[in-house]
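Input: structures, listed below.
Here come two complexes built around subunit A, the first alongside subunit B, the second alongside subunit C.
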Partner chain A sequence: MDLSQALATFLDESRDLLAQMEEILLRAETSDLAPEDMHALFRCAHTIKGSAGLFGLDVVVRFTHGVENVLDRLRNGEIVFTDALINLLLESQDHIARLVHAVAASDALPEDEGGPLLERLQAFNNDFDGRAGDMVKACETERVEVDVASGIAIGAEHWHLSLRFGPDVLRNGMDPLAFINYLRSLGDIVHVETITDAVPELFAGDPEACHLGFEIALRSAAEKAEIEAVFEFVQDAATITIVPPCARIDAFIALIDALGEDPRRLGEILVACGSVTERELFQALADQHLATDPAPIGELLIERAAVQPRVVEAALGKQKSAEERRGGEGKSVKVPADRLDALIDQVGELVIAGAATQLHAQRTTNPDLQEVASNLLRLVEDVRDTALRLRMTPIGEVFNRFPRVVRDVSRELGKEIELVISGAEAELDKSMVERIGDPLMHLVRNAIDHGIEGPAQRLDASKPARGTLNLNAYHESGSIVIEVADDGKGLDAERIFAKAVERGLVAPDAQLSTAEIHRLILEPGFSTASEVTSLSGRGVGMDVVKSNVEALRGTLDISSEPGRGTTMRLCLPLTLAIIDGFQVGVSGSTFILPLDTVVECIELPSDAQGGGYLRLRDKVLPFVDLREMFGLEDEPCPARQNVVVVRFAGRQAGIAVDELLGECQTVIKPLGRLFERVAGIAGSTILGTGEVALILDVPQLVQRAITNEGRERSTAAQSSASIA
Partner chain B sequence: MSKTVLIVDDSASLRQVVSLSLKGAGYDVIEAADGRDALGKLGGQKVHLIISDVNMPNMDGITFVREVKKNPSYRFTPVIMLTTEATEEKKRLGQEAGARAWVVKPFQPQQMLAAVSKLVM
Partner chain C sequence: MDTTAPTASLQPVGELGIYTVSELRDAWRHALNMHDEVEIDLGGITEIDTAGLQLMLMAKRCPGKTVRFVNHADAVLRLLDLANLGGTLGDPLLVTDGATHFRKTPSFQE
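Now for the complex of A and B:
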């Protein structure tokens, strides 16, 4: 049986459940949990334990079982959450995660480490053990051997089974024949005598009721408990007496004699030698416990052998616990990522083919064809949107790991920090979600470590002792913006500048704006921390964050105010595959702008030709001339040029082009290595005509236009210092 | 003719393992993620045995068994509930609903096979 695929599912499932556990535990720190949360928490551990058992991961089962017990007592209200308990449970959750991780990496399971944790968990289970102990103490030890020896009927050389199935077994879906059939797996059935005395006359009785009894002789080396287990599902509805072969009884007596000096209780002795099963002992104990005048346990056990076993579980008066329900859980299907990628690729080809169809249809004068073609195109667009949405996951998946990080790191540093998360439902491409985690983690750690001050320092600055860290995500013009904002001390521009000079990143006499100085922290080899702490001083600088973000076609923006805090703004495209584009023509070539970034189109005023800036409704709008930027002079400049106003990350700029060609579907194809570093170009696409068009990199162009404006275009070469 | 077993559990991995081991023993298996899903997948077709978890989203096992037992086609269909150790109360509820057999989690695939073969010949 190949379990590897099931194991992969188990690993996935466990990680989800562990994340859910963590989230609930962290919530328990600040507020009281609703009963559903308690149940959910229990269920997380329970499900992991259950599945782990299937894979024979005994270490995981054993440890999770300890956690589960505590969670069970919690949800039953037997114990309550304390800080210590939450800490312990979080540590336990970590340990389970480690174990699961070890399974995934097929390492040896780190068993020893779980021991101390289990012991601490056990402390919360003590009452439970106490109860069990009392139960055992209730046993009477007198007259062991005699009772047992004389009480049990002696059979022949075979086990003798006397079965009287109750009238309801058939109605319960139990087939007596199936059990007897299964009995054969334990040994040979030497003889079956069917007892039909109870069968009523034809038509007189209930045809659905079972009236049969069986007397069975079984030759088997099995233990009594094993034989009894065959009938576990009917033990309540049937009368089953199992008489051992006589040789066995002799063996029992010998065994009990041998155990004579043992201080163990009778019940345990009987179970130990196999003459009584645990179930029989439990029932007898429960009866004895309830009786006003308790009989010695031996007598009770002998009585058991003759009297129909009663259902005693109910009498134990277990506290009624309401059945938990958890609705509203969205149904989902797990699909391998490569299949999704293949789908997206195919949809991309479909989009291109659709555009070609539309183009050719428009060239004909056949109205039917044109209508069908435009219908087709609309459907293709729908398919494209749906296919892309398949890859969308809420950013919350990434955010979820931060409450724990913030909690742990701030405790370690002795800072008080509140994490406020908003916009967790904003969605972005799954591949982005996976790759944005590390850069975000770095920004968050940085904010806690360098940004937010200690409580004393904050009080001195007349700020509340508890710092706030905001994690926020929202959609803006085809991008997702993720903000990491702290209310700490802000960036120290002077110190950054001094450091940059010291590291040789800038000339000592360079004239830089504050924003440009802030950007210096993104340069390779820059570290602002005067002393390296264990948290952020790990040799990974902000430059790695920056390059990670750039690899995703995103931008990183810094705004900081001394004493008020720092905001790091990550701006990422929503998808890496297909976009709505806006086609423009320059000197016979076609370029594409992502439609989401386009604000409006205007005519280029004649006095503004040649690039720089123009006046748009009494505001200055910097712009770049593509003709000039890309050196496209094949065709003469038309009499009228247009400007497309684009917006990115809250800033606007113009892009001067020759003609406006309208909207189109654009499948983004990556550029080859050779063209990767061409400024202003983000990718390429294939038009309906089969021509190749370049996709403009709007963030870069906006940055360039603004830089040009600020420097009067004199230092345009410096644009390499900008991050796009 | 091979016998059909319905397994209802919200853990996909558990379903996969049970399903694999039952199929290996020659049973046909239908999988469902919760009670509601299971009712939809049953739709009157013949099954010889139902294995159901208790604790599931959307529709729990007890409600599911109660519902399924209302259908005359499944009156005599045996039901195995998957349970925890601390659920005497649920056991009673399950019995009222019509489930008589229990397998305690965590279990080994062989244990499940044994339980199934006690009920289905």
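Now for the complex of A and C:
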């Protein structure tokens, strides 16, 4: 396997695990964790450590190990969660994330920063180490014969554990294999050799007496004390020898001596464990006159080599589990984003070609051709939908980072804030998900920083001390709406207006509606915070959010009630590539409206011509006339004009056009830099006929119609004209 | 149990551990007294510990008799994996190449 590919998998996996850790830790702040959560927490750190070990990322291993120890103690109930500990663990989790990030970017690992954290983590381990330390001393003087002072150095990089259990171990309720299983929490068990030589025949022996021994190769970054601590309860009833990594051969010779078993057989087992090499061992044994004939490798090894591979794997159901794993992987496939983009591009071309085919078929009088053409178009539409769905990702991916942000920021500011997330399953295009993160982050920080008051202030306003921040997402007419709502003090219209005047954004005598004043905070260079905090209020906030959102063809709405709170409503199209369009004709030119925004079509009442509003079922509907707006006067105005009623972000407006041409699939092509700023146009497309049509920017048109209406109305009021 | 058949099949259920090894040993010994070959179906084992594993090893050491373990439960497989004894105590029926995974053994073969 390609190592870089494996590394990429490790990085992905680590990010997931870190996110999981964070999620659990945040939960630990508010409620008691279930045992499964404690285990999951431990497993996260443990898995990262283990995988990092495989790639030789020692810095990661060392640090994660420190974290893992603390999590282990938590899991075992030796220590409990405190605020300080949760904070420390979150910081540690951040540090691991930094390390992983550095690995991904092939940067130098920021090792130094880990030191102080590790020291603080160590504080939670101290009493444990003290206890284990005493035990090590006792063991070392009495039984553990490890001498690394002399002899040939050998290269095995794992611990070697030699365990011989006394006969009463089982009867006393201890389970040696459970201890060995527990060793997995300290590292990877490279090899286990069960010593069965002493096992009696079925007819002869006592099944309740233990006759087993184990030789274990353990790759672990643990301290010797930790390994010994695993066997703390059986140390009196067992002979336990622990040989550290890279020990000298003498240590193993001493081990063989001490056990008093057949040295050749034991030697072979050590070789099987990979703890010593064959040559080293037999050399050493010969030197010690323990083995008289330096024969080739013994039976055990031959036997082992013969039975090992398939038989064992099959017997253990490893094949089965491997298949299950493959099955799990089959449920989702990782595809490079550029391939998906290429597919979407091609589907776009296919849509255009399909529309052209349909058009030409309709011009013929061949019903068969027309039928296959419409069939083809339907299939192309299906392909388009499926292709676009490939890129859909739940918005929750973005929301997930906010619990932590809210927690950290609110602590920093001394505010109590509860984050409520809903609609995390609403989907939108992957490219949108990536680009919406930063604007959203800004809105969230703004809400915490400027929106929600401190506890004292809230209590004064007879609100609960704990503020609420709602993150909500839902689909609405081909768009996704994301709301960031706080129950804070709301926007102060007077202050905003004063500030805008001060900054020269509006004239001091300007008459603005409250909504218009609210929108002033989106102007470049505007900031309402009197004091500049480290979080926001640097004056580069909301206007950047606004332009980011607009770059995604979305809108940003503000509604705010003094004392009640502020809601920022982001409205974004679901995708950037292909839409169902509605074609309209104005003076010989074709325009396209996104079909999702079209509510209905009506005839333009004759008395409303040129005006900014008309009456629709007893309601006032503002509208724009495209003829007028784009100055399209090449052809005379037809006797009958139509109005397409469109809706965006909860508001309706009409668009007056000459002809209604019907639905069509539309591949959005960017307009290019020159036309980027043209008002009312969102993009272009190529029609089946090969003509170019402009795609109307409905949000902008709605906004324009409403602003016009405001103006018209004030003039209308002045001239006391009645509404149509 | 048909005492004339050369092969017997046993299906212990529940725990294969320190609390049950004596009892199971007696049952297995009884079967081996009457048959040369005993097949032990481990599909019903829910728990196994070191004592249970040791009993399996003991059963393999029965001069003149053959004990086969089949249909290992997951708990058993996990422990065999841990102890690296899959080669000794694994299920021989699973490895026959191309053959269907023969799990259910008829109780008696005439």
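Please note the rule applied: the second predicted complex is superposed on the first by the 452 of 724 C-alpha atoms of A that agree within 3 Å, B and C clash if a C-alpha of one lies under 4 Å from a C-alpha of the other, contacts with A are read in each partner's own complex, and residues count from 1 in each chain.
Just so it is clear, a contact is a pair of C-beta atoms (placed from the backbone, for glycine too) under 8 Å apart; a residue touches a chain by one contact, two chains touch by 3 or more.
Since the model is a prediction, treat every value here as computed from it, not as a measurement.
Contacts of A:V61 after superposition on the shared chain: subunit B is touched, whereas subunit C is not.
By the touch criterion defined above, A:A447 lies against neither subunit B nor subunit C after alignment on the C-alpha atoms of chain A. In the superposition on chain A, A:A6 contacts subunit B only, with no contact to subunit C.
Put simply, more of the residues of subunit A are touched by B, taking subunit B and subunit C as the two choices.
In the superposition on chain A, contact of A:H211 is made with subunit C only, not with subunit B. In the superposed model, A:V624 makes contact with neither subunit B nor subunit C. Contacts of A:V230 after superposition: subunit B is touched, whereas subunit C is not reached.
Judged by the touch definition given at the top, the superposed model places A:P200 against subunit C, while subunit B stays out of reach. In the superposition on chain A, A:V598 contacts neither subunit B nor subunit C. Judged by the touch definition given at the top, the superposed model places A:I24 against neither subunit B nor subunit C. Touched by subunit B in one complex and by subunit C in the other are residues 170-171, 173, 175, 177-178, 181, 313-314, 316, 318 of subunit A. Chain contact summary for the complex, subunit C toward subunit A: residues 18, 21-22, 24-25, 28-29, 32, 49-51, 53-55, 57-59, 61-63, 67, 72, 74, 77, 79-88, 90-92, 94-95.
Interface of subunit A with subunit C (complex): residues 170-171, 173, 175-178, 180-181, 189, 191-194, 196, 199-203, 205, 207-208, 210-212, 214, 304, 307-308, 310-318. The part of subunit A that touches subunit B in the complex is made up of residues 1-3, 5-7, 9-10, 13, 39, 43, 46-47, 49-56, 61, 72, 170-175, 177-179, 181-182, 185, 230, 232-234, 236-237, 313-314, 316, 318-321, 323-329, 331, 334.
If you check the complex, the residues on subunit B that touch subunit A are 10-14, 16-18, 20-21, 24, 33, 55, 57-58, 60, 62, 75-79, 82, 84, 86, 88-93, 95, 98, 100-102, 105-109, 114-115, 117-121.
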